[in-house]
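Presented sequentially are two complexes of chain A, the first with chain B as partner and the second with chain C.
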Partner chain A sequence: MVDSKHQWKAWLYLAPAIVLLLIFTVWPIINTLRMAFLEGYTTAKEANPFIDYEFTVGIGNFVRVIQYPGFMTCLQNTILLCVLTVPISTFLALLIAVALNSIKPLQRLLQTIFFMPYVTNSIAIGMVFAAMFNMIIGGSARPDSVGIINNVLEALGFEYINWMNAGSEYWANIVVMVVYIVWNALPFKILILLGGLQSVNKQYYEAARVDGTPKWRVFTRITIPLLSPMLAYVIITGFIGGFKEYSSIVGIFGESMGPVGNDYALDTMVGFIYRAIGNQEGTASAAALILFAIIFVVTMINLAVSKKSTHY
Partner chain B sequence: MSEIKTMRDRDMQKVSAQQSVMKVLGKIVVYAFLIIMAIIVIFPFYWMIISSLKEMNEYRRSVPTLFPEVIDFMNYVEVFTNEDLLLGQLFYNTVLVGVVSTAGGLVITVLSAFAFARLEFKGKNALFAALLATMMIPGELFTITNYQTVFMWGWIETYRVLIIPFMVSVFYIYLLRQNFLQIPNELYLAAKVDGCSDLKYLWKVMIPLALPTIISITILKMMGSWNSYMWPRLVANDDAHRLITNGLRTAFTNAEGVTDIPVQMAAVAVVSLPLFLVFIFLRKYIMKGVSRSGIKG
Partner chain C sequence: MKVVLQNLTKIFPSRDKKAGKEVVAVNDFTFEIPDGKLVGLLGPSGCGKSTTLYMISGLQKPTGGRIFFGEDDVTELTTENRGIGLVFQNYALYPHMTVKQNILFPLQNLKGADKMTKDQMLERAYNVAKLVQIDELMERKPSELSGGQQQRVAIARALVKMPRVLLLDEPLSNLDARLRLQTREEIRRIQKETGITTVFVTHDQEEAMSISDMIVVMKLGVVQQTGKPQDVYDDPTNLFVAKFLGTPPINVFDGCVKDGKVYIGQDKVLEISGVADQDVTIGIRPEGFELDPAGGLTCQLSNVEVMGRDVSVVSTHPASVNPSVRSIIDADNKVDLGAGIVRYSIKPHKIFLFNKETEERIYFEVK
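Right, the complex of A and B next:
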């Protein structure tokens, strides 16, 4: 079928995509590598028409990123949020998907409700969560309003907690973020897992039933193994997304990335990169490559683990 | 199959009364769990709407009302008339950028997917593999250089800086190519014999057959521009070109950092409304597109 007359046509159709990708995808990859390994690189220095800077090649940018005091906070927050939210959301999504798959009436309605958070703006709904956790401080010792989440806690007999206002503690801020990120992550995971469950061959369950296998064994010995490719998939995409966490924090805390008086307490890797854009390109590039390396390694570990435990 | 049926009948007879009680209890637990989770999932939307209808005095109460005592639309009036927010301009900018970048992106995606799926040329597989490899790289890495590029070109605070740099997505090319490959090649050869041009074939046969995928891509791309935050914040944060998500985040907070939450909730509701309409009417395509492509918009 190779028709040399048509070769130029194929390239013509591909031309717009290739031009755009060369400028905005391929060049950035090359340029990021270049900037990251040029000592003390900034665009301003390179573009300076009066002084001809000679950058030496080295790993100074990487060293500077790691030594920067804020960077470890960013790394810690990113990893902590990842490690907390991925297992919680995967486990909850699995429970919901299995439960949804086992019912007939209301299945479609509930499925629709569980998908709703997917179609939202993460900044906008973050602001709603912030309002739910937020206290309105008045003149008296007790805030005018402690927020609906605290109202529920008090109704259950607990004391109210300063979740995210000035003076709030780190663990409380993290809880708010975990609640929001899990809420946000559920629909995608439920959709994928439910799709997987619905394509499982019914004969396995039929056979287990005939043998009188207990429900829990059916779940651990049939459902989980057959679902393992989808589980691996949602866990891997969960980690990749988790390492790029940023806009959900802006949604809740605003661009200060932390409660009032404690700016950047919840800053992340992506937040770090974004703030270095436009002034410290060498540092930003080094940080972006570190982020890429982390995502790459975690994905490879995930793939290796899932290859061992996945049953196709 | 009939053997299984009779076995099932025998099984059913064996089920004792105690077991069926357990079964009903099990169902109750499952439904209770699902309904509680559904309420948790839906509650933020409910809270957004009722808070947006409350007066500030009612919102501040220490014991909150689950339904506003006085339904007050003043918050919405405030959202539409606020001179710092400029909601009309935000809507206009976002819709313009969304429509143009989606339309342009679709044309480019369809043409390249067609070339990869149907045409033969040297280096096709290598090029395709190279494109796929770029998908592994986090987008933040591109942003650093793209900011330099658009800055150098003087594109800061223009519409084109919002439309062009992220117009093509390798992912959608991949998705559509996979769909095009499912269309039998014989159709293409027959069309060629009949003297049908490539573009006509693409328009009359391929696009109609791949329409569900194309619709999914369109919706996801539109939602992407509606929700995009970081790039617009970086390159076009002026009144004339600001996009909606970006405008929303900073509005309604005064100099002391105190937020008028009911008005803010009204603004969030207004921004969320188009997404809900899309969800209600086009849910099928979104769910299909998401489950097939596995991306987070």
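Right, the complex of A and C next:
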């Protein structure tokens, strides 16, 4: 405990961080709550920001969000992407981490390569993926190219698939997004899981070897349980990140958030919030609170489940 | 099951290739561990005792030499096929499993003809748990156990497969002093009850002496001496073994042999025959001193420590290699601190002569 005489020093050192947090985190959260529950906040403010209006308190903003025709699409896309990408990316990351951990030569190099997506701009990656899946840029078709994915499909004897051009189907769009999001999510998860694996005491494995434990049993009965805290962490943060999905879709489909002719087909909660900011702050705030509630509930469920199955 | 080590050698390649110096961890170790005995591998850290244990376990491959269990050559066998139980220094209990699950784990790995039903496994687990007296703790997690209890669980897990050989790596080093005393008796009891040939590694000579049927003293990868603890203590082959065994440690002096007499400094302490005149290193066990007003060895008295049954007399002598000379005498003897000096005669079988260069023992006959 710091001597109470010197406590002001501690506060002084913390002050810059606290002030910034108050301005850019705490106040916006309070303000969001305020705006969400003020009826007709937006319209009135737009009419004249200099007049001090009296607002009535109510849940009109929430009603507006839920009645908005695109809201259910946003919710569906968000949940679908979450449910698909988190398990796939976690499973793949676990496999890669275990494989990486079990090799000696080139481990450092491969570790670096697997970490590359993490430090690369996601919009740039989005454009590359768009090219791979053959996006028609600026509305003009490029008949000379169908994208590398379709080239591979052709080589394997399959037909081209319209992944993301005008007239493409919803499931094809989702596949593109899932591939991109999973690929983008892997590095962080691999890093965490590999760190976890490397901190596992080697003697557990030696003990298992003395007992002649089959490899698969070592993996399921020793590695996974000992890794469970990291797995829980990766899954929980994965879900939280998944519910905030937005920039990856913009990165691939552009701000229309859907293939040409089917705008906002892949709209998400955060996409909805972003567009509402600027002209409907009250609605945006209400949507943000709804998203917060969803993430909160899902995280609580995650924690409850992981408490049972996690060994710390 | 007797265990035979034949010219066992382990060489670790040097990590830095440029330096090019490899480490000989174990050098040409030949020894037979008789069936059903408890053997202690003893030595300071880095002497190769743990490496020897791990080679017996199969976790490390010897560079040269062979290992036999009974008549079977197990040198090429992998660790799981050797039928050994190994207790790690920090126990390596699986932290996420209960005591019961930990003990059952090796049984659940059995395949083919050895496969057991659930009831058989449980019965076996409870039997071995009773043997090490942890049957009350079966539903606990390792983190809820004391160090001594964890040690027992680790032994139970090693024993549950009924191994041919039980190996213990520094079994007592993680326990506090009182538990250590208790646990070493426990290990001795379990070993006697099961009759499994057991090898354990320790750097603590008292621990090795107290429970082993035989000890192996090692130094820098080379075996110095093997034998029953008391024999090794009474008859060390070199200065290292003499210094390593015994608490308080042996008193070492610079001395010489001249005309059949042993001198420590100027003091004549013993008449012997069969040794040529030369400078020697002399070792005298603390219990080898006898108070004797006419004794040959005169020391400057510095302190007397009363320990109830015995008295420990601390003194100095100019020829002593150590800062002080420590003797242990019966408490019936009265030592007068005021006198300033103390005179001893030496029990002939408690004094050892060593070659000054090679530190090998020089044997003599008492006149």
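Please note the rule applied: the second predicted complex is superposed on the first by the 273 of 312 C-alpha atoms of A that agree within 3 Å, B and C clash if a C-alpha of one lies under 4 Å from a C-alpha of the other, contacts with A are read in each partner's own complex, and residues count from 1 in each chain.
In this text, a residue touches a chain if its C-beta (ideal position, glycine included) is under 8 Å from a C-beta of that chain, and two chains touch if they have at least 3 such contacts.
Model, not experiment: these values are computed from the prediction.
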When the two structures are overlaid on chain A, which partner does A:167 contact: first (chain B), second (chain C), both, or neither?
neither
Does the superposition put A:217 against chain B (first), chain C (second), both, or neither?
second
Is A:69 contacted by the first partner chain B, the second partner chain C, both or neither?
neither
May I ask you to decide whether A:288 touches chain B, chain C, both, or neither, giving the answer as first, second, both or neither?
first
Applying the document's definition of touch, where does A:226 land relative to chain B and chain C: first, second, both, or neither?
second
Spot which of chain B and chain C makes contact with more residues of chain A, would you?
B
Partner chain(s) touched by A:157 [first = chain B, second = chain C, both, neither]
neither
For A:209, using the defined touch cut-off, is the partner it touches chain B, chain C, both, or neither? Pick first, second, both or neither.
both
Check the residue A:201 against both partner chains and state whether it touches chain B (first), chain C (second), both, or neither.
second
Residues on chain A in contact with chain B in one complex and with chain C in the other?
206, 209-210
Under the stated contact criterion, what part of chain A meets chain B in this complex?
1-3, 6-7, 9-11, 13-14, 16-17, 20-21, 23-29, 31-32, 35, 43, 47, 92, 95-96, 99-100, 102-103, 106, 110, 112-125, 127-129, 131-132, 134, 136, 138, 142, 144-146, 148, 151, 183, 186, 188, 191-192, 195, 206, 209-210, 233, 237, 240-241, 243-244, 246-247, 250-251, 254-255, 260, 270, 273-274, 277-278, 281, 284-285, 288-289, 291-292, 295-296, 299
Within the complex, chain C is touched by chain A residues 201, 203-204, 206-207, 209-214, 217, 221-222, 225-226, 228, 311
Applying the document's contact rule, which stretches of chain C touch chain A when the two form their complex?
57-59, 79-81, 84-86, 88, 90, 92, 94-97, 105-106, 108-110, 157, 161
Within the complex, chain A is touched by chain B residues 4, 7, 11, 27, 30-31, 33-35, 37-38, 40-42, 44-45, 47-48, 51, 59-64, 107-109, 111-112, 114-116, 119-122, 124, 127, 131, 134, 136-149, 151-152, 164-168, 170, 173, 198, 223, 226-227, 229-230, 234, 245, 248-250, 253, 257, 259, 261, 264-265, 268, 271-272, 275-276, 278-279, 283, 286-287, 290-291, 294, 296-297
